[in-house]
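To start, the structure itself, in structure tokens.
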Amino acid sequence: MSIRKSFLLVLTIVICLGALSAAAQDDEVNMTMWVRSIPFQTQALVDQWNANNDSQIELTVIPSGEFVTKMGAAIAAGEPPDIASIDLIYTPAFAAAGQLVDITEWVRQLPYVDDLTPAHMELGMYEGRNYAVPTGVDGSFIVYNIDLFEQAGLDPENPPSTWDEMLEAMRAIDALGDDIYGYWFSMACAGCNAFTFLPFIWASGGDVLSDDYSEATITTDPTVGEALAFYNTIWEEGLVPEGASIDNGSNFVSAFTGGNIGMAGMGNFAIPLFTNDHPDLNFGVFHIPGKEGGAASFGGGDVIAIASGSAHVEEAWRFIEWTMSDEAQIEIYAANGQIPVRLALEDNKYFEGDERQRTAASALRVGHTPYTTVYNDLFNDPNGPWLEMLQVAILDGDIEGALDLGQERFTQIMEG
Amino acid sequence: MLTKQPAGFNLSWTQRRKLTGLLFVMPTVAFVTVFFIIPLIMTVYMSLHDWPLFGERAYIGWENYQELSNDRQYLKSLDFTFRYTVLVTPPIFILGFILASLVRHNIRYIGIFRTIFFLPVVIGLGVSSLLWVWMLDDRIGVFNKILLDLNLVPKAQLFLGRPNTTMNVIILSVVWKTVGFTMILLLAGLQSIPDELYESAEVDGAGYFRKLFYITLPLMRRFIALALILSVIGSVLSFDQFYIMTRGGPRNSTISIVFWIFNNSFTYFKMGYGAAMSIVLLGILVALTGLQLYVLREKE
Amino acid sequence: MTAPAVHVQAERSQQDIRRMRKRMLLWLQYLVLVVLALLFLFPIAWSFINSIKLPSEAMAVPPTYLPEEISLRNYEELTTYGKIGIAQHVYNSTVVALITVAGSIILSTLGGYGFARFDFPGKNVLFIMVLSTLMIPFQSILIPLFVMIVQVDLHDTLFGLALVYITFQLPFGIFLMRNSFLAVPHEIEESALLDGCSSLSILYRLMLRLVLPGIVTVAIYAFINSWNEFLAALIFMSDQDKFTLPVFLTTIRYGIWGDVNWGALQAGVIVSIIPSLGIFLALQRYYMDGLMGGAVKN
């Protein structure tokens, strides 16, 4: 029955699509698209599309910090864009509020549906239906300074694979001089640490949220406290510059480019910056390890969706489908150093020979993203419980107090 | 015939005066109604609702108010705002009084000094906060540069990195920004006291402190009260300096009440909850203003 | 002969000592005043000095005391900062300030005149209603204001923000203008009234000139307050093109993925200080009158 049903559905869609693409050729379709201001190749995508299609897309770049507010206001005013490139963590909230078009049937037809980055696909779902697909993907990993590794007598070919190995490497590098430090974190930046610290917990088999994301597991899962203790050791031993404790993220990327930092959590977005603006920086990449090994990554970036109320749903989907094609993924994404949204495409002619880029792309195989409609309040808010918990545990050393506080405020927000 | 008006418009002079007066004040009354009275009523209404930015609204009665007592950060913010107010008021008042005493008499060039001390008041608090956060920076800030050059500290200080030093430097910046205002109020108070009183006190051999406690302070009671209350109200409502200088950090230790209302309403989009907090804030402020009116009441 | 002379001399020397002491005290007072004045001026001067350094020098760690080279590059960078450039934000702040000034003057003059010179039913109630706005700070009613402004599609408009600012200038303006009109002798108006002039033309032809100081005061306060306001501007404007200067400057402070451009920030601080400072210095007397009139209400 379900086969017959879906066959009928496909048939209907194909007919509709045919009818609509015919209609689209009759009169010009103009669509609007919003993207937040992050360095993905969205403009190049839209330009390419506009050059080769009758339908035209007008792209508006919204400052990252205002995206949700603006989107909310636009929806409330009944004037949302047709297509939106949304920070993936907000997708559940938008889908739950009924603001996105259900694209399940189309998504299931994609031949590479199982190859799309899993974290983004999961976040694009709500109650078993698809509302978004990946568009700008990024995963977190560790960058390390090969020159400093060599100076400290470490083997740059074999980067650390456990927390203890990381600590040893940091100590060795830190001993090189007063101005040289083993590590960097931006401890006044909530989002930076969701991106680069959460994977330490995941790679050790733990999490701050339960498997069904219904409750906080900060006090019940011992790996959370252990990971905090690991970072606390880094701070207590002075393996990071003191200024890291109050960095609000403005040095998240640039600290490592100074050449005096041994390792730092990072994302793929920074790699073109490193290679273009800092050609002397001799760096490598490894996956974020768990306590005793393993690897994990935070799946970040954007997913693309159609807003409810769009008058051009089919044409919008045609654009979205095209953005995932080989043409777009290799010639626009990979050619510009951006990670393809399809895992199999990590082997491509542009990434060949650059192990860093391939490692960065493969991080998304172990990519994970918390699924919650209150992500922002929990993790991203500079006044949220996540950052406060980290600061109390790591900078003040009060790990027990931090765990209790985190558990209480997480629970309160998730229930609220 | 031409000048004859319909009977209904044939108003007497007094009636016309009344109507004219009403028309003059109408625009103001309309503005105040639309942008003040209605929002005020709506605040009460919203505080009884679950009111997200978009999506369903629902009536939930007193739930928002009940939630307040479980909101750890809200209680922390109340406590912080209270502590900040208690700590920032004395320095503003004392320095304001010293400045007012220094510029009291019209000696030569005194106008220039009054102007200089008052200058920071006309700069926006937002802009002044940006100025200070830059001067306080550990790497690029001038304070660390001076302290290091004078060998007063062994290494650069993270002024905004620890709760207690953060409080101190923010107080310093706010004193700079606002003390001129207090100075002018107290100056008016000082100048309202006739010189003869001091002269006769001096003849009786009264020293500086006797004059201060028996003449100056009692006679400028109303000015002192006004300066204190305006300063207290300003501190209770503070937002800019914390939003800009610390973003509420470190460890969420500098989130004022208005900051937390802002966060809940415009970051978490819990507008109903924010409205409930606003009502509490309103209560505190009405109490303070009541106190103001009581202290400033005419004694007849 | 000698004794009184000695006495006079002693008295004179005692007078000299007293005068000397008084002079010393005066010098001491000036010394303290100068030191304090330098401390008060330092942040503004330091900001200015850094704004005219070369951008690279303004970013130097540790900072230099005096510029090695004077340059306006930081100001130039501001003109293209964030793709929009500071000119747009200066324009935004100016438009909001001018609408606020115009609205506050018109409403306060009309209202002040009405409350001062006319008797009508409900006058006291309305007057108290207007003044009660002073008791309740706008911070506590921002949420419904935001909801209302969004409802009528006035968010992200300079006009919407100005409307809110006007409302919160009103109680002070009405209070001040009412007092100004009350200070004008009745006789002046009465002769005009007998001549059959309408109330509006009396206000326009006769009274305006007499209450001009009050109007100037209202205008200064409207300008400086709206120019400097931060919280409401932060909430009502989500479109970066519409940011007023203070909100724009905070976006420099929170540069994403990059160092803060400190030189440009200081140039921006100076740009935003100049108008209110200039107006204050030029019209100081009116500003102080307003402070006294508004604050020390009797």
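To keep things simple, chains are lettered A, B and C as they appear, and every chain counts its residues starting from 1.
Please note the rule applied: contacts are C-beta pairs under 8 Å (C-beta built on N, C-alpha and C of every residue); 3 or more make two chains touch, one makes a residue touch a chain.
All values reported here derive from a predicted model rather than from experimental measurement.
Visitor: Write down the chain pair with more C-beta contact pairs when A-B is set against B-C.
Guide: When the contacts at A-B and B-C are counted, B-C has more.
Visitor: Which chain has its C-alpha centroid at the greatest distance from the C-alpha centroid of subunit B?
Guide: Relative to subunit B, the chain whose C-alpha centre sits farthest away is A.
Visitor: Compute per-chain Cα centres, compare each with the mean of all protein Cα atoms, and return the closest chain.
Guide: Closest to the centre of all protein C-alpha atoms: chain B.
Visitor: Distance from the CA centroid of subunit A to that of subunit C, rounded to the nearest Å?
Guide: 45
Visitor: Where the centres are mean C-alpha positions, what is the separation of subunit A from subunit B, in Å?
Guide: Distance between chain centres, rounded to whole Å: 42 Å.
Visitor: Can you work out the whole-Å distance between the CA centroids of subunit B and subunit C?
Guide: Subunit B and subunit C have C-alpha centres separated by 15 Å.
Visitor: Can you list the subunit A residues in contact with two or more other chains?
Guide: 69, 73, 76, 248
Visitor: Where in subunit C do residues touch at least two different other chains?
Guide: none
Visitor: Two-or-more-chain contact residues of subunit B, please, as numbers and ranges.
Guide: 139, 266
Visitor: Within their complex, state which residues of subunit A touch subunit B.
Guide: 69, 72-73, 75-76, 97-99, 188, 242-243, 245-246, 248, 376-377, 381-383, 387-388, 391-392, 395-396, 405, 408-409, 412, 416
Visitor: Given the complex with subunit A, which residues does subunit B contribute to the contact?
Guide: Residues of subunit B touching subunit A: 53-55, 67, 70-73, 138-139, 155, 158, 160-161, 247-252, 255, 259, 263, 266-270.
Visitor: What part of subunit C is in contact with subunit A in the complex they form?
Guide: 150, 153, 155-156, 238-240, 251, 254-260
Visitor: Of all residues in subunit A, which touch subunit C in the complex?
Guide: Residues 37, 63-66, 69-70, 73, 76-77, 248-254, 269-270 of subunit A touch subunit C in their complex.
Visitor: Please output the residues of subunit C touching subunit B within their complex, sorted ascending.
Guide: Touching subunit B: residues 26, 29, 32-33, 36-37, 40-41, 43-44, 46-47, 59-63, 65, 106-108, 110-111, 113-115, 117-121, 123, 126, 129-130, 133, 135-137, 139-148, 163-164, 166-167, 170-171, 174, 199, 224, 227-231, 234-235, 245-247, 249-250, 253, 262, 265-266, 269, 272-273, 276-277, 280-281, 284, 287-288, 291-292, 295-296, 298 of subunit C.
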